[in-house]
Amino acid sequence: MSDQPPPGFPTTLQTKTVEEGFDLAIKLSRLGVKKTQPDMKVLKRLRAKYANNADSLTAASQVVAINFQTIAAANNYWR
Amino acid sequence: MSDQPPPGFPTTLQTKTVEEGFDLAIKLSRLGVKKTQPDMKVLKRLRAKYANNADSLTAASQVVAINFQTIAAANNYWR
Amino acid sequence: MSDQPPPGFPTTLQTKTVEEGFDLAIKLSRLGVKKTQPDMKVLKRLRAKYANNADSLTAASQVVAINFQTIAAANNYWR
Amino acid sequence: MSDQPPPGFPTTLQTKTVEEGFDLAIKLSRLGVKKTQPDMKVLKRLRAKYANNADSLTAASQVVAINFQTIAAANNYWR
Amino acid sequence: MSDQPPPGFPTTLQTKTVEEGFDLAIKLSRLGVKKTQPDMKVLKRLRAKYANNADSLTAASQVVAINFQTIAAANNYWR
Amino acid sequence: MSDQPPPGFPTTLQTKTVEEGFDLAIKLSRLGVKKTQPDMKVLKRLRAKYANNADSLTAASQVVAINFQTIAAANNYWR
């Protein structure tokens, strides 16, 4: 879609630790949002709202959980 | 359902990079919407709304995450 | 549940192409709805509404994504 | 939880055909509801409502899709 | 988190029958709720409400379906 | 993202028991929320609300179920 990856787009799903894998899951979740709404000003305004709404936070946490499933499998669960 | 694939329908789930896989996940998510609502004018109007709603963006990001699970598995996690 | 499959109920999850697999995922998603609400007139009326609502379209796209996971696995990801 | 299975509780996830597997997925989805709300009169009343609501039907279809994933895997995708 | 497991916390995901596996899925779903809201009086009051709401029942059924996926895999689908 | 893991971030997905695995799933679900809303005072206030709402509790329980899938797989289902 774009010739140049946005700065910081991961080139691998492999991570050294569980926490790095979790951070990568969060990053992928945010990239999913940014590809739909690239305007950082809008995103910041929306964030202020949903970060104070329990159901929005749960929904965000669910996307992270789904991406973490992918990353954990990619890392053979860091076994 | 149609004899002719819409232009650009992927013929493979294999991609060279993680980012290309992620872009394919976004593409599949949009194709899922387009098959239900093919009218591009309607889609554009709806997009203007949901791109400014945090919960709608999270929901869209969740569909991308589910499709990315499929594509990551198809690519053996780019290991 | 019924001795006779509704016309067109798939007898296999195997498809030749990725797109056919995606179309099958859409078909299964609709069959899931039809088994709960078999009245085509009602379905048509509902469709007119939800096809114009972004969140409804995203939700429909999510069911397609889940069914596509199943079908992609059944086809060993068309590798 | 109960010594006697409710009549018709499946004793196996194996089915002969894809459609039987799909019907089993619907059955499991309904059993999930019945275990929470066993009163058939209440269920019937609720059904009248949600069968006429597009988002409710999509949500029901999503539970079927999740259960179908399980059953398809149990049947090695009827390959 | 606690030194003593709550009475009845499962020590294994293995079950003899499909139905026992399904009951375990329901149990895990409830445990997920109880760990967030341990007050049984509150839970009982909430239950009275959501057991009469179709969308709440569908959502509960979805959590059961996700847990059942886990348990079915743990039991190699009772094959 | 951070050089220092927050105290208690898990370094492994392996657990000795099913219950420990379930507790870890709850922990990951909360970490997903905390990374988006790190202000503990806000989280406490939100918790008071959603812990008294059935649908919010079901949604939270769903995130736990998804994380538990990951952890159960990581532990080869404690077989």
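By letter and in written order, the chains are A, B, C, D, E and F; residue numbering begins at 1 in each of them.
Rule of thumb we're sticking to: a residue touches a chain if its C-beta (ideal position, glycine included) is under 8 Å from a C-beta of that chain, and two chains touch if they have at least 3 such contacts.
The model shown is predicted, which means the values in this text are computed figures rather than measured ones.
Undergrad: Spelling it out: a chain qualifies if it touches chain C and also touches chain F; which chains qualify?
TA: Touching chain C and chain F alike: no chains returned.
Undergrad: Going by average Cα coordinates, which chain is farthest removed from chain C?
TA: Chain centre farthest from chain C's centre: F.
Undergrad: Distance-wise, how many Å sit between the C-alpha centres of chain B and chain E, to the nearest whole number?
TA: The computed centroid separation for chain B versus chain E comes out at 32 Å.
Undergrad: Calculate how many whole Å lie between the centre of chain A and the centre of chain E, each centre taken as the average of the chain's C-alpha atoms.
TA: Centre-to-centre distance between chain A and chain E: 28 Å.
Undergrad: Starting from the mean Cα coordinates of chain D and chain E, work out the distance between those two points in Å.
TA: For chain D versus chain E, the centre distance works out to 16 Å.
Undergrad: Could you list the positions in chain B whose residues touch two or more of the other chains?
TA: If we look for residues of chain B contacting two or more partner chains, we find 55, 59-60, 62, 66, 69, 73.
Undergrad: Edges wherever two chains touch, nodes for the chains themselves; is that graph a line, a ring, a star, complete, or other here?
TA: Contact map by chain: ring.
Undergrad: List, in order, the chains that make up the ring, beginning at chain E and going on to chain F.
TA: E, F, A, B, C, D
Undergrad: For a test of understanding, state which residues of chain B touch chain A in their complex under the given definition.
TA: Interface residues on the chain B side: 17-19, 22-23, 26-27, 51-55, 57-62, 64-66, 68-69, 72-73, 77-79.
Undergrad: Using the touch definition from the top, list the residues of chain C that touch chain D in their complex.
TA: 1-2, 5, 9-14, 28-29, 31-33, 35-37, 42, 46-47, 49-50, 55-56, 59-60, 62-63, 66-67, 69-70, 73-74
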